[in-house]
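Structure, as structure tokens:
As written, the chains take the letters A, B and C, and residue 1 is the first residue of each chain.
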Amino acid sequence: MAARAPRPGPAVPEGRRSRGAEWSVTLPSFLWLVALFVVPSVIVFAIAFKPATPYGGIGEGWTLETIRTLGNPNYPAIVWRTIWLSVVTTVACLLFAVPMGYFMARAPKRRQNTLLLMVIIPFWTSFLVRIFAWKMLLHPEGLLKRALVALGLAGPDTQLLYNPWAVLLVLVYTELPFAILPIYAAAEKFDFRLIEAARDLGASPFRAFRSVFLPGIRRGIVTAMLVTFIPALGAYVVPDIVGGPSSEMIGNKIAQRTFVDRNLPEASALSALLALAVLLPTFGVLVLNRGRDLLAPKSENSP
Amino acid sequence: MTFPRRAALPVLALTALTALALALTGCSKPQPVLHVYTWADYIQPELIRQFETQTGSRVVIDTFDSNEAMYAKIKAGASGYDLITPSSYMVSIMNREGLLRPLDHAKLPNLKNVDPEYLAIALDPKMQHSVPYMLTNTGIAYLKSKVPDFQASWSAFDRADLGRRVTMLNDMRETIGAALKFLGYSLNTTSDQELEQARDLVIRWKRNLAKFENEQYKSGLASGEFVMVHGYSGDIVQVQGENEDIAFAAPQEGTSVSCDDLVIPKSAKEVDLAHAFVDFLHDPKNAAANSEFIGYLCPNSASYPLLPEEFRANPAVFLDPAVRARSEVILDLGDENRKYTRVWDQIKAAD
Amino acid sequence: MKRSRVPLYTTIAVLVFFYLPVLVLVINSFNASRFSSGWEGFTLEWYRKLWGAREIWHALRNTLIVATVATTVSTVLGTTAAFALHRYTDRLQRLHYLLIYTPLVIPEILMGMSLLLFFVAIGFELGLTTIILSHVTFSMSYVTMTVLGRLQDFDWSLIEAAQDLGADWWTTIRRVLLPLLAPLSIDDFVITFFVAGPGSTTLPVRIYSMIKHGQPPLINALSTLLLVVTFATVWLSQRLMGDKR
């Protein structure tokens, strides 16, 4: 997931080779993605316009009935919850990742390696196991709860688990490494003499950080935003395991429609909606970002 | 794009692990393989080993955690499962959809042991395409030390004094059904008005719940994470072995009784072996061992005398006759299911 | 000039945040208490049970097969695609780029859902093959983007010999892609959950079922083993390859 950085356009002018050569290196991946990505996506959109049969089948003919079910009065609450959880997760990840990326990039080379490993190793352990670990930690008879009660920060009946805050906490926990990596990668290429220069010109540390460092690692920040926001929007496992009776997100609804209600058309309609909700802002960011890059082409790639 | 560039290459360890795993699980001889698709921990492992030795076959178990998830898979065309254990209502759907193979009674001599009292109320009383495997009923389990003055009634979910350490099943038919029973209606009702009342009741109960949960309530109850749960009697019997503080009660208003059946899908590849396994499971000795392991009751009359006294006296195993009279089997409602889905959506979205 | 201490404190806080749950888990894998609610003495019981749990080993085998095949296929396909994107700049490549880019921003649950519907629609039997096909589809784009990033950082004016390009490609694969791809494939739960068939349960799907079903000590033990393998691999490969600087 960490490799989600956009990289616009090739850097080398078109070669003088024949079209044949181009096709031979393009076709394998092209056809693969058409068959296993485009066609399945089209099927999802198509099924959203099919009627459902009570036994989980897909009926004959076409209908707008399913699209109308998107007006379900229960959806806005779920959509709203999904959006605020994802936005807050993204912001929280950035708040931690930017200072940490800064610290890592300024550390001596050797320590950089160690820190990087320490970030990667939890990401190398199973995602589910990490969620499970939190479930143990937040257990009502567990260590953390006892400590909080002893400190007077929680009452004996406070539930740490099974509420939207638990979902938020664990979302941040699972997404944070993905935010740190691209920010560190950008910060590592940043020329820190620029900050010293700004300080020499009388800027406060925070001012230098905000107006020199942050713009310098802009691309890393955009990547970090994408790689935390999008998985959070599609989150399904985290609310399922640590969420409560009112922590459902869109992902849970899609899974429920698919596996419990056996209503594939409605599952498809919801999926299509989520896909559009993700793709529109993403390509917006992409276009914006590319526009800025055109204005300042080489600013952040110089080693 | 190149962030973890110093992270290192794990190929060596991967290869070693692959070799290890292959050595552990791979077998060189071609053996017939029986693919069983069932609930987690639903067959005593010893029995599986015994069956494998007897028949020289290998049993591979895949698990599902809801009838609907299993059905979605089978309906979606997953073939290769030889034996499945859906609940009775799902068996009738699957049969109606032509997904099941008629059973060959000549290969199933042990069917004579099946409890005729249960068959009388079963959905497939002649066992044409299914054989009852495990009987259970839902009810309320609680920790005796943490839930004072427990009453065997669904109204227990109205108690706000349990610190939200309470769960109800994440199953629309069971949970809405509990509310319907409490209100004195049938849990198979299709009346909008009754369903709306049940909806409002569950929404009220929801304020006292930690979550809707089908699986984690077992370990949650045993570890004291939850103090009262809505669950299947068999599951409770299982965890009673781990925590003596757990008690079970079937609510006096009545509850749902359900049976999981053994069925062989049309697409099965090892049909004979699947029959042999069904017959094996209804051998009285095996049926008793299985009931004791799972904590549900295998409706096999010949196996009852083989069960330990303590087990037979457990109210979670043999339901009180008065409550049983008020209980019902969950039926498949076809198109009317949508009403339940709608009500369930409303319940989940409510704050 | 005095530097702010905020970055240092944040880093320490994040590392504690990362490792605290993992630490609790490792300690509990040796806890005799079945539900880890308090310390009831040291035991190796859970490791012994784990050794005998053959569904777990079966799942591990499936996982490793999927990870190996999917990683290999997606590396080849993705590298070819990156080369095409880098070398040519016509309309076809713009479309190609879009096609490669989109899967990266689609939530996994959507991909799982659409692949399930697709396999069902064409009547393809669900199993290890469908899992592998799905994994290649989502990891191929990562490969392409990573290799492309590398190619673009590459100073073409200085390099003539093709073997240098090859050497750089291999370094990229080894040091950047594999550490990323392997966990991607080994750890994927959501997509596998949708497209798995008979006998093809993978380790994450098994762990999910263990979490839902409640066998905490076994999960603790299994996770600790996985952690040890991870540490050992990382340490070993650091030693073997050294840091050539």
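Some observations on this one:
Keep in mind that, in the parts below, a contact is a pair of C-beta atoms (placed from the backbone, for glycine too) under 8 Å apart; a residue touches a chain by one contact, two chains touch by 3 or more.
Computed from a predicted model, the values in this text were never measured in an experiment.
Shared contacts of chain A and chain B, meaning chains that touch the two of them, come down to C. Each of B-C and A-C has its own count of C-beta contacts, and the greater count is at A-C. Inter-chain centre distance (chain A to chain B, centres taken as mean C-alpha positions): 36 Å. Note: centroid distance chain B to chain C, computed from Cα atoms, is 33 Å. If you average the CA atoms of chain A and of chain C, the two centres end up 16 Å from each other. Shown for chain C are the residues that touch two or more other chains, namely 36-37, 116, 145-146, 148-149, 153, 179-180, 211, 216, 230, 234, 243.
Residue positions 2-3, 5, 7, 113, 117, 120, 139, 141, 258 of chain A each touch two or more of the other chains.
Residues of chain B in contact with at least two other chains: 1-2, 4, 6-7, 223-225.
The part of chain C that touches chain B in the complex is made up of residues 34-37, 54-55, 57-58, 60-61, 64-65, 67-68, 116, 119-120, 123-127, 145-146, 148-150, 153, 172, 174-176, 178-180, 182, 197-199, 201, 209, 211-216, 229-230, 232-234, 236-238, 240-241, 243.
Of all residues in chain C, those touching chain A in their complex are 1-4, 6-8, 10-11, 13-15, 17-22, 24-25, 28, 36-38, 77-78, 80-81, 83-90, 92-93, 96-97, 99-111, 113-118, 121, 133-134, 136-137, 140, 142, 144-146, 148-149, 151-153, 156, 179-180, 183-184, 187, 189-190, 194, 203-204, 207-208, 211, 216, 219, 222-223, 226-227, 230-231, 234, 243, 245. For chain A in complex with chain C, the residues that touch the partner chain are 1-7, 9-15, 17, 22, 25-26, 28-30, 32-34, 36-41, 43-44, 47, 96, 99-100, 102-104, 106, 109, 113, 115, 117-137, 139, 141-143, 173, 176-177, 180, 196, 199, 205-206, 209, 226, 230-231, 233-234, 236-237, 241, 251, 254-255, 258, 264, 267-268, 271, 274-275, 278-279, 282, 286, 301. Those residues of chain A lying in contact with chain B across their complex are 2-3, 5, 7, 54-57, 72, 74-75, 77-78, 113, 116-117, 120, 139-141, 156-157, 159, 161-162, 181-182, 184-185, 243-246, 248, 258-263.
Remark: chain B residues 1-2, 4-14, 17-18, 21-22, 24-26, 33, 35, 37, 40-41, 60-63, 65, 73, 76-81, 214-216, 218-220, 222-225, 242 touch chain C in the complex.
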